[in-house]
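Below you'll find the structures, each written out as structure tokens.
What follows is subunit A paired twice: with subunit B in the first complex and subunit C in the second.
For the complex of A and B:
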């Protein structure tokens, strides 16, 4: 228990340090840190529609982040959330535009199922290579991200392109309004129910079932798990599949919710931010929920901040980078490395 | 065809430089995903300092300095502080991408892109037809890249430093027993790596192009990383892989102009990534050979969750 508290404490300290460093950069660049802070609070919580916007941005981070939690718990470094998210969105788009005349409920269900399947397929390929051939999953999931982004670019600039679009970036046609589950705010009872159900299901799976325990065992020590008769390959495939399914689901929610269409390279940071969210959430389900709302709030604020202080969006990328850079620092390990100095210190 | 080859050299030079950087990190047993961030930092610093001082040499020196400093911080975080190599590396990439885009606004008060006149010299100019087109209008760094790769090969294969580095990457425990301090060796490798990333970034912004644009590296740091894997962690192999990816890029650019109807550019651009997955998969033999090397970076990359 103290271990958990210690990790919570060190994570809070490290995230705090990342924020201070970013604030320092802003201060040097001539931004009023106080203004930025009050603007962030307004943009995330108090301004009109800010709280809704926070939830809207927290949803994809949460869904993909839970996928990351599942993968990391079982010891698989699945960093392919971005590609799986894109493939989910693409699959949902193809179904929705391909079956324009269909009954709304059926199309939405079909598109969501397609998204979940596409996301998990995008994850299962690296997963299969990992469990069958020991192919490094960091590398393959990273590559799948780039391929997924190019598939999205191909669809939005090619077959699904909105011919009347005039913007610089290619965008797909809009899906019919009847197929949407939220308005452009991205929050509705349906979405909240869906996300709530996913949170509870993932929590039950990870923390209240035999399989969840098995996953954690595999993550802690695969060799021991194998010797205890656990089918490590099967556990690996299931975790890869579930991670991808959640990211794919996030893609469908994005399309049928706030997006209504896909734009080349939309939300380019969401996969990486979800990894940060999962790590800041200490790879626990509820921690990830809290962290997702927190980072969703920041995302909402960065869109609001230009109104107050003219702060450009890259500042948020910088902040995410700082957090990722530092969040896995281990205080304990640092102390252990210093230990050999102790005798000299005593001699003094 | 000459045009494609000329574009190949132009696209490949930054990739090859950053891939060489990646080889140094890999030899030290570090799975360096911060290459992209260092590369864009190098590209930006060269332009920023070049514009401020009017000297491209000073710009490049400053870029090397900044990238080496960032690499030292990266080393401190993943070594003594025990952070996860992959997450911290991705963080470094975000710091580079976000930081340069932010600094572009803060320093030059522009969003998106700035043009610069302070650029690298181009030794051969004015050839507009025949095979000479290939080497014409290439910046001096393109000419120097083969020498840098050769130098890297000599350092890694023939010098005391290189052999020690290989030992550290493959089996840090044995290296430590032999009196080599793996941590210091990793720092040195990362510093060299940072300097090479700065050169790669500089070639992109003031060599091939005359501007700095937000996110202009556009995944090139990762493609360079892929070239390292593809080239079996060997400087020559990585350079050849970089050259090949440069060729794929050139074909992609050409296909956009000529044959868009038949081959969408996106599919050409996928080639490096698809090939990498195949290479890593088919490289079962390579895999087994590198299992010891695996143990090397396991010491660093083992996730503690």
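For the complex of A and C:
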């Protein structure tokens, strides 16, 4: 397992370097580096409510990130988490507002199911294009994000708009309080149980089932998998579906948890940060859990810092970007983009 | 070391290629160790050795494609900077690779221009000018080489000639060929050797990596043997060397690696047809002609050989049987059951086993762990138990047992399969494909590129499999192998079966059929 340790070590070094570079930029800009970092620790862990806030931000990152891990296992780069997350949230909103009078449990379950379906549908379309026409899923999933964002905008500014809203950005009506599974902190026993169950299920799926092994084979060498009798297209579709389903689930949790309503362009980075989370987590389930908490803490600190320092919020986003940048560089250099999965490209 | 004195004899000729204590390691694997070698100019030098002996690595180091960890390379007396392919080419050294390296979508003339090494060449060109420049070079290729033909449309032999022409186009004084005969028919091999002799007579130094002793004897002036990364013999004059001494040097001290493995097939009782193709046609692919009304059957207890020059539909045939290519007309039956449209998994479950053409890309997943590669067939079909959860330890244990039974050498089952040598990769594939449940095995080029002992091992395994009652369809471009193993022999040409032979085989008649002379 020296290879695994090495990768872990290099990831930790990389996060450390990101911290140093960010500190350098802040120092050059004349901020008190010490204050900023102590503020970060407060905002992520020690301040009142900080730990809860860290978990609250970690949850969507974790769910979407696990979807990315699933996609990668079978060799697919799903960076459409943002759009799938929005579509899940939108579907849950439509169910919840459309069936206001229904029994809470049923509505929540129905809305969650709708979110999961919508998320996976948003992922299955690029998935189908991939397995049928070998269309590069990096492009299609990325583009689907924009469509998803526009669907959200349409709903919040159109049919689901809260007419009494006064804010600059359009927002939907609130869902009834009975339909919520957390208060505005975004953390409750229900949510933690749900997320815990998802973690365990994804881990079992990837590492303890024949389908997980099949995904690994397909991801490493689809040609060989095909010769072994594995239906590579089917595996690809199921993978895309599951990957999007988790992002959709994250959308439902957001709506029924801390959000209670949808705002145009809410959490605009979460889908992309989740990709970084999965990469920092070395594309393993447990690594992704740790990385999601780390990035959740950063997000929490970004919101907290302006309270204790004169730092503008984007300054910590810099750290974010630094990690994302370095992780991507490392990932891309370690792993050349594989050739597209063409139907029968069997050159001699 | 002799010190030349003014009155003494002229100093010895400067070697065309000289390397001194070359060492190369890949991780823990020692590919080359203290290799020192002088190659006299104007001769044909053969380099032989088993798989993984370091032949290709040495060739790459000489050509500047691989920087050695230690040691140095001199070409015609000048030291080369280590691992600098341009410097090596500039010094007059050219390499013809084991796998063809020209871009398939280029025309002949484009490919020649692309790889020509001309310092100060212009970056803008005119097509007419290119044609003029390369016309004479192309004529050397022989055959009906047309400058505007795309590489992918050339037959295998012409492609290889083109690789050689390209190598020589830069006025190379030293040409290195890495296993040039692996893809050629016997006739094309003769032509190749003729060409090498002409090169030698023109004063070019040739270093050729070969596998078969017969070929070494046919063409080489001197021979050098690598074993486990060390130079154990040579360069020695071919005329002073006995065949026995040479094979001893290659194989090393007697090893017990020739033991074969028992295989139990599930077929018993009377003779029956296991695999049958009736009038099967398929569409052509980018690389091969389609099949044209193929009729063939494989019965219990027989090996049916498929001979043919590569690219005559063998790949289509195997893909159609595997269920990877669609059938346009006709039907495919396995054990009497109609399977024409059945997905690959159903055919696998019906007892079809496959040794694919390219073991590293189709036979294994190089980056997946060894145990998972061994267990791949357990992933299709219904699970044995109701619970979907599996025990990885149990998978690993079963894989380990099978691998040990087949004497696969590996460090750890959890390592990626790319850590295995070529012969061990093939053993891994056999351990998977020949597990119980097998009824008919389609083996495509099962010994290509394997060393002597691994080749023997695979051939004995196929025979044992046949003797235990299974059917084998053996696709090979090695006629000796086909003659040795096949109970019946079919020859493919242009996507169809043009001739059928029964033992004893007439080499010339088979050869004629392979080149289409029978039609």
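Some points to look at:
We take it that the second predicted complex is superposed on the first by the 325 of 348 C-alpha atoms of A that agree within 3 Å, B and C clash if a C-alpha of one lies under 4 Å from a C-alpha of the other, contacts with A are read in each partner's own complex, and residues count from 1 in each chain.
We adopt the following convention: contacts are C-beta pairs under 8 Å (C-beta built on N, C-alpha and C of every residue); 3 or more make two chains touch, one makes a residue touch a chain.
As the structure is a computational prediction, the values presented were derived from the model and not from experiment.
In the superposed model, A:322 lies in contact with subunit B only, and not with subunit C.
Once the two complexes are overlaid on the shared chain, A:209 sits against subunit C while remaining clear of subunit B. Within the superposed three-chain model, A:227 lies in touch with subunit C and out of touch with subunit B [touch as defined at top].
For subunit A, the partner with contacts to more residues, out of subunit B and subunit C, is B.
Within the superposed three-chain model, A:192 lies out of touch with both subunit B and subunit C [touch as defined at top]. Contacts of A:24 after superposition on the shared chain: neither subunit B nor subunit C is touched. Overlap of the subunit B and subunit C contact sets on subunit A: empty, with no shared residue. Put simply, subunit A touches subunit B in their complex at residues 25, 29-30, 72-73, 75, 77, 79, 125-126, 129, 133-136, 138-140, 142-144, 146-147, 150-151, 153-154, 157-158, 219, 269, 272, 275, 279, 283, 312, 314-330, 332-334, 337.
Residues of subunit C touching subunit A in their complex: 104, 285, 287, 310-311, 315, 319, 322-325, 343-345, 347-349, 354, 356-358, 361-368, 372, 375-380, 383, 388-390, 392, 395.
By the touch rule above, subunit A contacts subunit C in their complex via residues 204, 207-211, 213-214, 216-217, 220-221, 223-231, 344, 346-348. Interface residues of subunit B, counted against subunit A in their complex, comprise 31, 33, 37, 74, 77, 80-84, 86-88, 90-103, 105-106, 111, 214, 219, 222, 226, 229, 264, 266-267, 269-270, 273-274, 276-277, 280-281, 284, 287, 303-305.
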